[in-house]
Amino acid sequence: MNREFLFIGLTIFLGLISIILAFVAIHHKKLSVAVISTSFISLFASIIFLLLAAPDVAMTEAAIGSGLTTLIFFYVLNKIKKTNA
Amino acid sequence: MEYITLGHMSLLLGISLTVIGFWGILTQKNIIKIILSFTIADAGVNIVIVSLGYVVGKTAPIIDNAVVQEAGRNVSASVVDPIPQALVLTSIVIGFGVTALMLAFAMKMFTAKKTLDINQFNELKW
Amino acid sequence: MLKNILIALVLIGFGVIFYDLFMVYEAKTELTDLAHYYAKNGANEIGGANLVTSIVVTYRGFDTLGEVTILFVAASIISFFLKLKEDEEEKVIGSKDTTELLVTASQVLVPLIFLFGVYVFMNGHLTPGGGFQGGSIIATGVALMIMANPNFKINTQIIHWIESISGVAFVFAGVLGVLLGGGFLDNTFKGLGVGEFGTLFSAGVIPIIYSFVGLKVGAEISNILNKYQKSQKSI
Amino acid sequence: MVTPIYIVATGLGVGFAIGILKKFGKNFTGALVLAALAFMTFISFQWFYGLHYGSEVATYVYTAGFKPPFSINLLMGQYESIASLMINAIGLLGGIYMFNSLKARGSDAQVVYLILIMAMNVLVMTRDIFNLFVFLEIVSIAIAGVILLEKSDRSMSAGFKYILASGIISTILLLGIVFAYYLTGTLNIDDFVGISLNTYKGGGLVIFLMMMAAILELKPFPANGWGLDLYEGADPGISAIISGASATASLFVLYKIMAFAGAEWNYYVALIGIITFVGSNFFGIVQENTRRMLGYSSIGQIGLLMVVLGFKDVLGDSTPFILFGLLISHYLAKAGLFWLSGIIKAKDLKEWSVIRKHPYFLFLMGTFVFALIGFPPFPSFFSKFNFVLLLTETGNIAWVIAILAGSMLEAIYLFRWFGYAVKSENSHIEKNKVCLHKSIPIWIMALALYGFSYYTSLSNPWSIAINFIPLAFVALLFVLDFLPVYIKNSLSILGMAYYFYLVYPQLDNMRLIFEVIFIVGGILTLIAGFAYKGTRPGFHAVALLMFAGLTAIIEAKTTLEFFFGWELMTAGSYFLIIRGKRSMTHALSYMMFSIGGAYALLAAFGISNVGQINLDLNQIGHISYLSTWAYALLILGFLTKTASVGLHIWLPGAHGEAESDVSPMVSAILLKAGVFGLVLTLIAMNGSDSQWSNLAYALGWLGAITALSGNLMAVFQEDAKRLLAYSSIGQLGYIVFALAMMTHLGWLTAFTYSINHFMYKAILFLTIGAVVLRVGTHDMYKMGGLIARMPMAFIAVLIGIIALSGVPPLSGFAGKWLFYNAVMEKGWYFQGIIIFFSGGLAFLYLWRLIHTIFLGQLKDNHRNVKDISIWFAIPVYILIGGIMVFSVRPDWVLQPLGNMLSPFFPTGQLNWDHSYAYTTLGYWSGTNVFITIVILFLIVFGILALSTRKAHKLKQFDITYSGEKPFRPETTHVAWNVFAGFYKAVWPATIPLVAKFWDYVTDFFHDGAGFTRRIYSGNGQAYMMHILYFIIITYIVIIGG
Amino acid sequence: MSIYYKLGYTLLGLLIVLNWGMLMSAIFRKIVARVGGRYGIPYYQPWIDLIKNLGIRTTLSHGIMFYLGPVFRFTGAVGLFLFMPVLFGNEAWANFSFQGDLVLILYFQLFGMLGMALGAGEGGHPHSAIGISRGLAQHAAIELPMTMGIIALAIQYQTLSISDIVAAQQGSVLNWSIFTNPIAGVTILLAALGAMGHSPFNLVKAPNEIPIGPPTEYHSTFLGILMSSGAILHVMEAVLFMNLLFGGASNWFEMILKTFLIYFYSVFVGVVYPRFRIEQSVAWFFKIPLLLGIIAILMYSF
């Protein structure tokens, strides 16, 4: 039961940060900050997946959601920056 | 008290992220931001799905040898629901594909008009 | 202003809908019948320790096929969408040098990453992970290679070959299921047996198929990354 | 039998393998893709064939070697096989059509296309809800990809909007699916059907989410801006796929989800469908861009199909017939049109005139347009007919009204478009290059359409009785279109004569009269066609199409046959009218009123249909349910054809601008179809009860006012043919009035008028038309003094106007005399006086007609003009002979007519004593009056002629003119504005209120649609907002409210 | 009675009507002249004109249609005589046993007009066309109240036969329609002003001031025939009103007296009122007479 409460607390904590990050992602003027925030949301989500006893999902989310997706975002940002420069 | 469970909390988080994502989709003018909002909403939905499969106090749906010895490979009493997890795997990959495609569009659209403002892409209308 | 009000109304509306959804949820203490079946018989029927893998590869293998297809379609679209014209390729800007550290790191890390990726999908039926995870790990390695040397050209041909062959193999395995087993994507090939539980060569052909999936996913994602990388070079 | 899983295996296997095979070149991969598509088509065809003919049963395909719900399974049943065949066939044909554009984008694009088609197959077959989601995503992504075949910024932004929208939709769907799993523990659709999801807590909400996603995939109005952009922005080949295949698959998805959504959803699906149908067609009318317009039409059609799905419980066994009839027509026609739009590279509707440079494409376009709107013999006709009938039968009148209104709107813009194609200026546009591989698929679609038409006609149990012989003859003439006029004309005349010979023994007297007017009249007017040279492309086929329709309504025994004929006639006459030089807009308004009228008829048939799907025409009289409405609608429908005031504005232009020999066909003959319909209706009303006197009374007033306004407007026309057209309105007003009296004498009057009007209006229109052919203008003030050049025409017109004006001794007076006796007997004095006054007005315009054309001074440019063509003179003089016979011996006509009417109106007959006709009010002998007057006339004429036998003919300008000779001949013509004085006195009555009213209606629709469609701002975000709002509002309506 | 006797009587009747018509027109012209302070023509002037005109042989022809004007006109006039009972209850003068049908009469009036219209048109003179157009327009306007009045009478007597209408008025002066149905009577009398074609409704012929209208084109024999048909028409129209409103006539004297009074009535009005323009006269008929006509019918339709 204690473990359960620990998990709940962790989820609430990560959840609150995620929500704040989501606001940041949407509102921050710098796109790179926004992309990184989103990447962190994915990362926290994968931790929450672990808490929810879903290691497979956690791995996938970490690799794809916070890794590759972010990478592609940066490709695009880079391209945009180049074109503007 | 009955709402303060791991499932409820993560479900709430998932729903919140989804709504925030929708909010971003509707308010942001920058196409990249819209796509970001989409990924946020996606993440939210994924969390929702996994939380629905959570069973209080059970372990990951992997049969380790200890369990096998006890239950004769029947692990139905000890694991969480594996199906939502399988679905989420699919969903994450789909989300990646869609995001990659959207970003490709965004990049091309930017090259075409040198802007990312979605309001500028309305040559088809009425 | 009106637009903001409208947006606020939409969000409130969705808030209500999602609230209703939320209220539907009750913390579960039991598995559903379907999950129960999988938990009970999954190991016996398929022979894999990882139930998620069993479901992904076998029970819902058709979904996985679709999933691979989605990545494939997305990669194909991006491929012809971002394709550079011949003359544009000439005007490629000479990319700036990368740091020594990154180059060295990539030289050391990339083989390791590849190895890890392969391990992940080969052991998908035993441990967490599988084709998707392994594939994306491999793709990360490819990405690292590209980052380390922006002028580095992936041998596209090889990627295509890997992608193509693993894809066809997946479909072929499915068709074999029709011919030999109990239906499309019947990976157990009833006669072959499922092997000894818990070992690498257990769970029928799951490891093989999941390897194909991993290779294919890796190749597809690498393909996408490659296209993006190439698109960087043109103006 | 190849298991359907090979559709998937083939699609994916070939798709994946192309990665290796691409080095063999794009042609090879393209061919490989086509081969794969062909194999997929073969598989689904095999299943379709097997299931349809019963050699196969619906089969589940299991994957992974486990039974559902543990694994995913597919189902290949009868409907699945049809949908799959449709998808694969259009995929194959589209692949052929787009071979080059796919090739241009490389093997990757070819693969995406192949996988798109494959995935839609799975959408149809899968029985697992999550699997459905996965393949829906594949379809979405693939569509977003194939949009890019068209390399433009427009298609790019359309694609992006599409991804955004489908992203939102799939989020909703996914939420619904996982919650469904959470609640029920299964993902299998068959399980959902079994367990009734509604009984779970929150089950309704879950269904709501899934239904919303399924419905949104169908692009419901107004949350469909992204869909429209898709249609407009994509390559036309892709638009065809989206419209044909994707819509079919999405509809199937909806069908599957509806299976477990619960019956209460049917209503909402139908509601959303009807809103979509009416809404998008409403916006369609202001579109100038072809593909966007077709997009609106596609969305509208899908809306209609949703209505059918929503009513599936009400329609029962007829659902598949109706659904597939509509779907097939839409599928074939829309694909064909989109493909055409890819060959005819005209963005603007008006530029479609270039299609005339490819006459066979014009034929294809016409086929598709008529199929879309639901004209016979296309499957959509039978579907719509049954659908409306069943809906009315079950009391869903409001739905019927909405469906008909939506169809009407759709017809407006499609026919406008077709009108542009047929008529507008095309010399400035260059002919498009046509590749064979692009036109073959279109031909296949059109042929399939005709094939299905034949098939549907046979499979519809009530249409077996339809007589297809005339239609076959029409088809023959169409095929022989390359032959010169004289051959086709002789062929037509012989065919009609032979058909008349075949048919006339089967007809009762009343029908025989109309058949004589239609067929014999048709033959007579066709004789005039010999005057034309060359091949006169298209004329004979469409003229015969009209006559086929006319004879079909005569022979009709059931409402379906009647409606079938009615629509054929409308189509034929539309084509005939649009042939005129400046008749585009008039043909359109004719079509609109005709369709509106036809829909009124359809609704009426529906109402009167209670209990039996295809009512015997004679049974209409025995209806009890909403019978006032049924009669009112029937009358309204027929009044549009008789051009009663208020519904007449199409007539002057349509008849006035038609070709010389077409005007008499549409005026003297076609209008009688409306009369025939009215006769049938009134017989039914009379047969049932006398409680309809109010309706008849209103009809009487309407007839009287029509007579007055038609004649009044005719007085002020400057255009000879328009004058005659307005005169027709007036004459038909008399007939309607006389019929409305519902007495023996009244009907006798009406029939007399019908026969007379046929004869003298044919004479006048033929002669004036022939004159117009010679002098090249319709404007009367540009003619004059033609009596010197055209005595033959003059005599014909003279006889014609004497007969028309009703002056004794010619046959027109018979009508007048009967008329007054009838009016006095009935007691409808005011109406009678209005009509008498109209007669006076007729005198005004008739004099003007003959005076300004034939009398007065000859124009300089007409000095060498020849008399009318002998081919026009022959029918004219035959008809004059008819008038003379009728005048000398009216009893020969009136006595049989009276006997024919006696069963319906046994009292108040004429009594005959030799040539004397007696009524309670007076008596009259046509023969004696004729003889007396002719004798007198000849005596006086003889005296005069004798006394001036030595006179010599004066020169043209040898006249007294206020003591001087006119020095400028033009001043001798006062025909322009000749009734100025009269006009000053009566001008308030000539304000075209009705035309203004209809203009106002048009403007209202146009402006309204133009304003409202601005919700489609082109902004992807706004579109997503529409989607979310659509969901919320539906939520409030369905769950909250 | 054999057909030949009948023919004889009819011809005789026609002769009487013709001469009476000519006399009346002479009287009319005399009255107008006297009112205007002139001496006027002698009473026998019409006969002189007629004989003169018939005696002249024209050498000009405008073509065949030009002939038809007078022919139609004359046929129309004589036909009117033939189809209407001039004297009531007298078999000899019953004119080919047509007891007279109102519808026939109403339409047959148009026969002559039609001929005139066509014939004058053939002349090629623009003014004749103007005259015709005015005549037709005015005629259409006159017909509306006229028909209303007549229909009102037909409703009253439930017959369309003139003979029956006359028969119904026998017995007493008070049985005349003008007394039994005064509104219809007044309507018809007002419309009759137009039908008789005197001022203020004679712009059509406009005899004096400007050379307009058909008579200016016609001459010689044509004019002779026109004159005689005009004389017959005048009488027959008066006879129509006499039959409808004033109890008909049972002998020639009564007929002459009544027609003279009717004729005089229109002459009297014509002398007093100036000429209307065509739109004025059309509008005039659409006001009071039309209103009266509506009332007349309303009285019997319920």
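In order of appearance the chains are A, B, C, D and E, and numbering begins at 1 in each one.
Here, contacts are C-beta pairs under 8 Å (C-beta built on N, C-alpha and C of every residue); 3 or more make two chains touch, one makes a residue touch a chain.
Since the model is a prediction, treat every value here as computed from it, not as a measurement.
Peer 1: List every chain that touches both subunit B and subunit D.
Peer 2: For subunit B paired with subunit D, the chains in contact with each are C, in label order.
Peer 1: Going by C-alpha centres, which chain would you call the most central?
Peer 2: Minimum centroid-to-centroid distance belongs to D.
Peer 1: Pick the pair with more C-beta contacts: C-D or B-C?
Peer 2: Greater number of contacting C-beta pairs: C-D.
Peer 1: Which chain's centre, taken as the mean of its Cα atoms, is farthest from the centre of subunit D?
Peer 2: Farthest chain from subunit D, going by C-alpha centroids: A.
Peer 1: Go ahead and note the Å separation of the Cα centroids belonging to subunit C and subunit E.
Peer 2: The mean C-alpha positions of subunit C and subunit E differ by 106 Å.
Peer 1: Using the average of all C-alpha atoms in each chain as its centre, how far is it in Å between subunit A and subunit D?
Peer 2: That pair's centroid distance is 59 Å.
Peer 1: Could you state the distance in Å from the CA-based centre of subunit A to that of subunit C?
Peer 2: 19
Peer 1: If you average the CA atoms of subunit D and of subunit E, how many Å lie between those two points?
Peer 2: Distance between chain centres, rounded to whole Å: 53 Å.
Peer 1: Where in subunit D do residues touch two or more other chains at once?
Peer 2: Residues 130, 134, 137, 141, 144-145, 175, 179, 181-182, 187, 1025, 1028.
Peer 1: Residues of subunit C that touch two or more other chains: which are they?
Peer 2: 7, 10, 14, 21, 25, 32, 34-35, 38, 50, 52, 60, 63, 66-67, 70, 73-74, 77, 81, 128, 132, 221, 224, 228, 231, in rising order.
Peer 1: Please list all residues of subunit E that touch 2 or more other chains.
Peer 2: none
Peer 1: What pairs of chains are touching here?
Peer 2: Listed in label order, the chain pairs in contact are A-B, A-C, B-C, B-D, C-D, D-E.
Peer 1: Please output the residues of subunit E touching subunit D within their complex, sorted ascending.
Peer 2: Those in contact with subunit D are residues 57-63, 65, 67-68, 70-72, 74-75, 78-79, 82-83, 96, 98-99, 101-104, 106-108, 110-111, 113-114, 117-118, 121-127, 129-130, 132-134, 136-137, 139-141, 143-144, 147-148, 151-152, 154-155, 158-161, 164, 210-211, 216-217, 220-222, 225, 277-280, 282-283, 286, 293-294, 297, 300-301.
Peer 1: Would you mind writing out the residues of subunit A in touch with subunit C in their complex?
Peer 2: Those residues of subunit A that touch subunit C are 54-56, 58-60, 63-64, 67-68, 71-72, 75-76, 78-79, 82-83.
Peer 1: Inside the complex, what are the residues of subunit B that reach subunit A?
Peer 2: 4-7, 9-10, 12-13, 16-17, 20-21, 23-24, 27-28, 30, 32-33, 35-37, 39-40, 43, 46-47, 50-51, 53-54, 56-62, 79-80, 85, 88-89, 92-93, 95-96, 99-100, 103, 106-107, 110-111, 114, 116
Peer 1: Would you tell me which residues of subunit D are touching subunit E in their complex?
Peer 2: For this pair, the touching residues of subunit D are 785, 787-788, 794, 798, 802, 805-808, 813, 816-817, 820-821, 824, 827, 829-830, 832-833, 836-837, 840-841, 843-844, 847-848, 850-851, 854-857, 920-924, 928-929, 932-933, 936-937, 940-941, 943-945, 947-948, 950-954, 956-957, 959-963, 966, 971-975, 978-979, 981-986.
Peer 1: Which residues of subunit A touch subunit B in their complex?
Peer 2: Going through subunit A, the ones touching subunit B are 4, 7-8, 11-12, 14-15, 18-19, 22-23, 25-26, 31, 34-35, 38, 41-42, 45, 48-49, 51-57, 60-61, 64-65, 68-69, 72-73, 75-77, 79-80, 83-84.
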